[in-house]
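Structures given as structure tokens follow.
Next come two complexes, and both contain chain A; in the first it sits with chain B, in the second with chain C.
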Partner chain A sequence: MTHRYVYLKDFSEHPGPRYRRLGPDSAEEFRESYLVPAIESSEQVIVNFDGVLGIASSFMEGAFGELVRTHKYSADFLYSKLTFEGNRLEVIEAWECIKEAAKNG
Partner chain B sequence: MSVQKALNKEVFLEFSTVDPIPLEAIATTFESAGLSSEIRVLYRHIAELVCNIYEHSSPEAYEKVNWSLSVHWDGRALVVTIKDQGQGIYKSIAPLFDKPLSPLESLNLAVNRHNSPFDLVSSYRGLGLKGIIRAVAGGAIESFQIESDGYLFCCTDNSRHIKKTHKAVGTKVQLTLRFNGGVK
Partner chain C sequence: MDSMDILKAVLVALVGGIFGAWITAIRARWTAFSNDYSKRLEHVFIIIDRLAECSCIWWECIDPSDKLKANSNYILGLKIQLQTIIESIDKDYSGFNCTRVNKAYQNFVKACTGGDFPIRPASAGGESKAILKSAELLKAELFSVRRDDYSMKNIMKKKIPRVEKDV
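After this line comes the complex of A and B, so read on.
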């Protein structure tokens, strides 16, 4: 089984806005450049949140909720594919974003 | 260490939404003002509030909105104020709904994302404010205030209320953080 680690701090220590058009280090850029390629090329993806100054809720939503809305991954697929590591609240929030996106469409 | 000693520089930064979002610069400013541990608590909330200004303070993306961030010690706690000269919450939220909303209802919706009679959830709005309110409830932040369109929402760990205030342009947010007690 292929595992791939995605370290958020390698993308930015100062995660930014939801959309690329709003500024640098956006969730949209992280999702498209790091997350989706990892999901498409690996059986398991471990996303690590350590080493960043903090993550805004809109970044979380733009990174993980949009995996469901924009990229049409099902929540079940993402539950089996992704593992989150880091601060407990951040891990919970990332899962909540996926769960809410799946629920609300 | 006292707050006065830690806050070794006055922090007052002015920006406009035609500038790139300056989150890294804000973090660096806090660190150089001796507020490294405070920015670790506040960064996610400041990032959210600043991104909200860029995303929601103007009906048109190209319109310039001036905003500022300041930090001061009020003798008891560290107070972070983020203030913009934008359209305010009412004009940002009201167009999302068919039913007419008042400014008070708009503010109430913005701070009560999951308890409102309307559906803000599907618009992905209010997530950041929910996170701040959760941080106040958990003790990471002492208090949160947001003022827009003549109303002020105040939140501490044991009280939440909205009151009428004088009407001013834009939106003003204040976060207070007890020094050496940011995270309980």
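After this line comes the complex of A and C, so read on.
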């Protein structure tokens, strides 16, 4: 079983806005350059939030909610594929983004 | 008074003294526990109010005299402060379970830093109403948790490993 760690701090210690057009270090860039390739090439992806100085809800939605909305991954697929590590409330927020995107589209 | 009566009196005094000391120790411990718990929750309420105020200023495009209040990094810093203190209370107190305030917390931080944050909107969009409402709902949820926690069954939380996927 292949595991892959994705450290958000390796992408940026100061995550930016939701979309690439809105500024640097965006959630869209993180999702397309780090997250989706990891999901496609590994059986398990562990996303680690440690060392990042604050993640806005807009970034969370852009990075994780859009996996469902834009990339059409199902919530069940992501539950089996992803693991989040970091502050408990950040972890819950990431899962909530996925759940809400699956629920509301 | 014979020696038996004296012995009885000494025994009663001894048992009474030990019992009194035990009650005092428990009461002191409980008082320290509840005072500390209340103070930490009061601090959470202050941060919630500050985050709500700064987010309202930011989303309503108001130019305040104190520029820090409209700074997106400061708003994000307040969010980190809030999640850090809630997590620390969750770790320390058995009755406090952050899953109980999870929904209200998520709604609040989403209202404050959701949308296209940190890109400032061109004009005011009325987000402050949702921010203030969700702030009060979060405070109400925290009050509710605190009310339930004021019972003697509460003790400082033992460290229990968690499974993060169970949300």
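Convention: the second predicted complex is superposed on the first by the 105 of 105 C-alpha atoms of A that agree within 3 Å, B and C clash if a C-alpha of one lies under 4 Å from a C-alpha of the other, contacts with A are read in each partner's own complex, and residues count from 1 in each chain.
Basically, a contact is a pair of C-beta atoms (placed from the backbone, for glycine too) under 8 Å apart; a residue touches a chain by one contact, two chains touch by 3 or more.
Quick caveat, the model's predicted, so the values are computed rather than measured.
Peer 1: Considering only the touch criterion stated at the top, classify A:54 as touching first (chain B), second (chain C), both, or neither.
Peer 2: both
Peer 1: With both complexes overlaid on chain A, does A:88 touch chain B (first), chain C (second), both or neither?
Peer 2: In the superposed model, A:88 contacts chain C only, not chain B.
Peer 1: Between chain B (first) and chain C (second), which does A:79 come into contact with in this model arrangement: first, second, both, or neither?
Peer 2: After superposition on chain A, A:79 lies in contact with chain C alone.
Peer 1: Looking at A:65 after the superposition, I want to know if it touches chain B, chain C, both of them or none. Which is it: first, second, both, neither?
Peer 2: First partner only.
Peer 1: Regarding the shared-chain residue A:24, is it in contact with chain B (first), chain C (second), both, or neither?
Peer 2: first
Peer 1: Mind working out whether A:16 is in touch with chain B, chain C, both or neither, as first, second, both or neither?
Peer 2: both
Peer 1: Contact-wise, after the overlay, does A:104 reach chain B, chain C, both or neither (first, second, both, neither)?
Peer 2: first
Peer 1: What residues on chain A does chain C touch that chain B touches too?
Peer 2: Shared contact residues on chain A: 16-19, 22-23, 53-54, 56-58, 61, 93.
Peer 1: Please output the residues of chain A touching chain C within their complex, sorted ascending.
Peer 2: Interface residues on the chain A side: 16-19, 22-23, 53-54, 56-58, 61, 79, 83-85, 87-93, 95-96.
Peer 1: Which of the residues in chain C end up touching chain A in this complex?
Peer 2: It is residues 73, 76-77, 79-80, 83-84, 86-87, 90, 98-99, 102, 105-106, 109-110, 112-119, 162, 164-165, 167 of chain C that touch chain A.
Peer 1: Would you tell me which residues of chain A are touching chain B in their complex?
Peer 2: 14-19, 21-25, 53-59, 61, 65, 93, 100, 104-105
Peer 1: Looking at the complex, which residues from chain B come into contact with chain A?
Peer 2: Those residues of chain B that touch chain A are 20-21, 23-24, 27, 39-40, 42-45, 47-48, 51-52, 54-55, 61, 121-122, 124, 127-128, 130-131.
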